[in-house]
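Here's the structure, in C-alpha cells; my notes come after.
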Amino acid sequence: MLNLENVNIFYKELQAIWSVSLNVQKGEIVALIGPNGAGKTTLLRVISGLHRCASGKIDFLGRQIEKEAPEKIVEYGLSQVPEGGKIFTGMSVLENLELGAFVKRARKEKNQNLEWVYEIFPRLAERKSQQAGTLSGGERQMLAIGRALMSKPQLLMLDEPSFGLAPILVERMFETIEKINHEGLTIFLVEQNVQSSLELAHRAYLLENGRIVGEGKGKDLLTFESVRSSYLG
Amino acid sequence: MKKNNIIKLILIIVVVALLVVLPLVIKNDSTINLVILVLLYILLASSWNILGGYTGQTNLGHAAFFGVGSLTTRLLWVNGVPFLLSFLAGGVVAVILALIIGAPAFKLRGVYFAIGTLALAQMLNLTVGNILPEMSYNPDLANYQLLPRYYLFLGLTLITILTAAILVKSRIGLGMMAVREGEDAAESLGISALKHKLIALSISAFFAGMAGAAFAYYHVSFYYYMPFGSEWTFDPMMMAYIGGTGTIIGPIIGAVFFVLLKQLLVWNVGEYHLIIFGTLFILIVLFLPGGLVEIWQKFRTFLTKKTKRRKKVLLKATIQNEDGIQRE
Amino acid sequence: MLQSLGQNLVFGLLVGALYGLVALGLSLIFGVTKFLNVAHGELVMFGGYASFYAFSMLGLDPFLSIPLTIIILFVLGAILYRLVFSRTIKLPEESKIKNTLLVAFGLSVIFQNLALRFFTADERGITTSYFSQAFTLGGVRFPLPKVAILVVTVIFLIILQLILKKTYTGKAIRATTQNWEAASLMGIDIHKVYLLSFAMGAALAGVAGTLVAVNYSIQPSMGLGWTMKALIVMVLGGLGNIPGTIIGGLILGLTESTTSFFISSNYREVAGLVLFLLVLIFRPQGLFGSKEA
C-alpha cells in the first residue's frame, strides 16, 4: 500500500534520513520505533508532503507521491495525526471534525463519518460544541485522531499518539487504534513507547540516527537483543 | 590577495582624486549639483547600512535623524550661531535623539522595531510641520558658493565610508554582525545585543544627522519638515539593498545607480525612475538578497574558476607532452 | 462645551469605524499569511480612485460602485499575491514578515508613482447631492456620509464573519491562521487560502477607499498615512484579531477626536502615533491580544 524506496532527507543542510526503505501492506499495523531525534517525525512529514525528500521514491496505492502537494496526498487517502495532535484550539470540536472532512471525497460522506467518529470516541460527541482549546490532553488526542478519520483515509499515520498521556489513557489509546484497524484501516504508527507499540503492531521497523537498523514481526522485535537492551532496559 | 588590495587602494585613490579635481575641471553647476546629490545619497545609504545592513535592524525612521540634523543646523545657523558650531550640533543632536529613543526602541524586535521607527519618524515629521510650518531660507544667500558645499559633502562622505570600513573590521563590528545573525546566539557568546545595537544606531544616526547638517548648509530653501519625509528613509534603504546590504561598496553602488537611473530616465521618458527602482528593489529582496555586489562576486568567482580550469588543462597538456617526449 | 464634546466623540466613533475597516483587510492578510503588506494604503487609494472614476465618468453613485471596486481590488490582490508575495511563503516567519514588509514598500513606491502618472497629483473627492444632509439626535449632528461609514463597516464586518464562520472556505482560512501545517494535513490547499485571504484583504481596502473618497479626499501620496493608521489599529487590536481590529479603530478615532477637541486638530495624527508607540513598547500583543497568541 505504502512503499518507500531509498529515501534520503535533508533537514537544514544536515542529512536526517539515510536511504530508508520500508513498506506497509493493506490491513496491517506497522510501527516505526526509535529514540528521540532518530528522524521519525521528519519521515512522516515527507510522506505527507510537508517536506521534500532529496532523493528516493514514495509510492502510495500505485501513485508516486514524493512530489505531491500535501492536500493531494490527503485526497488520495493518506492522513496523518501530527505530533501533539495540533488541533485547532480556537475552533469548536465539531468545526475541527468538519475540517477533517475538507477533501472533496470525504465531504460527501461527512455525516456518516461523523457518526462513525462519535461511535469510536463518544466523548467527542458530548463535547462537540465546546472550544477545542478547553479539552484535556486525552480528549485533544482523541480529537486529533477523529479529525484525521473524518477524511476517510485508507492509511492512517500516527505520530506519537501516546505522547504526554497518562498510562491508563495510553492503554486505552492503543486499544482504540487496534479497534480502528479491525474495522479495516491500515495503520502506520510512530512511537517511542516501544513495549506497547510492538505488542500492538504486526510488523515494526527500528530507526536510529536516520537509518533503519532492524525490522521484523512486532513480537519478535520485542525479544531482539539490541531493542531489549536499549529500550526496555 | 595582496596584489588585489594594492589594486583596490590605487583604484580608491584615483576615484577620490578625480572627485577632488572634478569641480575644478568641470565648472558646470548642474554637474556639481548632481555629484552632490550622489554624495548625499551615499551618506544616507551608508549610514543606514551600519544599523540596517550590518546589525540587521530594519530602521524605517532614518529620516528622523536626517531631519533632526538639518533642523538643528539650520535653526542655529539662521539664528546667528557660527556655522561650524551649528554644523556639528546637527550630528550631536541626532545622536542624542538616537540615545533617547534607542533603549525603548530596541525593546522591540524585528518587525516591531521597523514599524516603531517608522511611526517615530512620521510623528516628528508632523510635529515639526505643526510647530514650524514656514519655509526656511539659507542665511548665506548673498554670497552662496557651490564649491565649499561640494567639498563639505565630499569630505563627510569619505569620513563616513572610512568610519564604516574601520568599524566593521573592529571587535564592535563583529559583535554587530553576530547580533544580525541571531540575537540569542550572540547573547549566549557574551555579546550584548542592546549595547551593539545602540552603538550601531548612534553611529548611523550621527552620520545621518551630519548629512542633514550638510543639507542645511547646501539647500537654498526648504520647509523645516521636508527632510523628515519618509522618502529620505525609503530611497536610501532601497539603494543599500540594491547595491548590497552589509557591504561597504553596496550603498555606494546603489546611490550612484539611483541617481544615474533618475537622470537617464528624466532625459528620455520622464519621471519613471522610482517605478523602475522600486521594481528592481523588489526583485533584489526576493531573488538576490546580496544585491548587485553579489552578482559581481558570482561573476568573478565564475571567471576565476574558468581561468583556473584553463590553467589546469594547460598544466595537464604540458605534463602529457613531457610524457610524450620521454617516450620518444 | 459639553455638547460639542459629544459631537466630537460621535465623529470620533464614526471615523474610527473607517479606521477599523481600513485595518480589517491588513489584519486579515497578516493573520492568515504573516505578510505585512504596508502597501495597504495604496490599495485604499486604488479603491478610492476606482469609485471616483466610476462616479465622474459613469455617473455611478459611490455606494453603488462598491461591488465594482471590490472586484477590481480582489483581482489586483490576487495578481499581487501570485506575482510577488507568494515568493516569500517558504521563508521562516520572522524573515517572511521582514521581506514582505520590504517588498511592500517597493510596491508602494511603484503604486504612488503610477498613480501620479495616470491620476495626476490633484486631490480628488466625491460629492453627491445627498452628502450635505444630516440628521440631529440629542443635539448631535449626524452627517450622512459619516453615518454611511458605520453602516458599510458593519455590513462588511458581518459579511466577513459569515464567510469565516459559516463557509467551508472560511473555516479553512481560520484553520490555516491557527496552524498552516495541520491545515494542510486536512487536505486544505494553503496556497489557495493565502491567495483568497490576500485578495479579500485587498477588496476590503478597496471598500475603505470608497469611504475615504466620500468623506475625505484621495491623492497619490495618501497611502503611507492610511497604512500607518491601519498599522496602529492592527497593533491596538492585537495582530490578526478581527473584532479587536474594529475596537482598535474606534479607540484610534476617539483618541484623534479628543485630541482635536482638547489640544488642536493638528496633533490628531501625532496622538495616534504616540498611542501606537506606547502600545508597541508596553503591550506588543495589542490591547486585546492574549500573550500566547
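Each chain carries a letter (A, B and C) given by its place in the written order, and its residues are counted from 1.
Note that in this section contacts are C-beta pairs under 8 Å (C-beta built on N, C-alpha and C of every residue); 3 or more make two chains touch, one makes a residue touch a chain.
Everything numeric here is computed off the predicted structure, so don't read it as measured data.
> Which one of the chains is closest to the middle, using the mean of its C-alpha atoms?
Given all protein C-alpha atoms shown, the central chain works out to be C.
> Higher C-beta contact count, A-C or B-C?
Between B-C and A-C, contacts are more numerous in B-C.
> So, what's the distance in Å between the C-alpha centres of chain B and chain A?
Taking the average C-alpha coordinate of chain A and of chain B, the gap between them is 53 Å.
> So what's the Cα centroid distance for chain A and chain C, whole Å?
Centre separation, chain A to chain C: 42 Å.
> Using CA atom averages as chain centres, what separation in Å is found between chain B and chain C?
34
> Quick check on the complex: what are the chain A residues that touch chain C?
So the residues of chain A in touch with chain C come to 48-50, 69-71, 74-75, 79-80, 82, 86-91, 95, 98-100, 102-103, 106-107, 147-148, 151.
> Taking the complex as given, what residues does chain C use to touch chain B?
36, 84, 87-88, 94, 97-99, 101-103, 105-107, 109-110, 112-114, 116-117, 224, 228, 231-232, 235, 264, 266-267, 269-270, 273-274, 276-277, 280-281, 284
> Mind pulling up the chain C residues that touch chain A in the complex?
168, 171-172, 174-175, 178-179, 181-190
> Once bound in the complex, which stretches of chain B touch chain C?
For chain B paired with chain C, touching residues are 58, 104, 107-108, 110-112, 114-116, 118-120, 122-123, 126-127, 130, 230, 234, 237-238, 241, 270-272, 274-275, 277-279, 281-282, 285-287.
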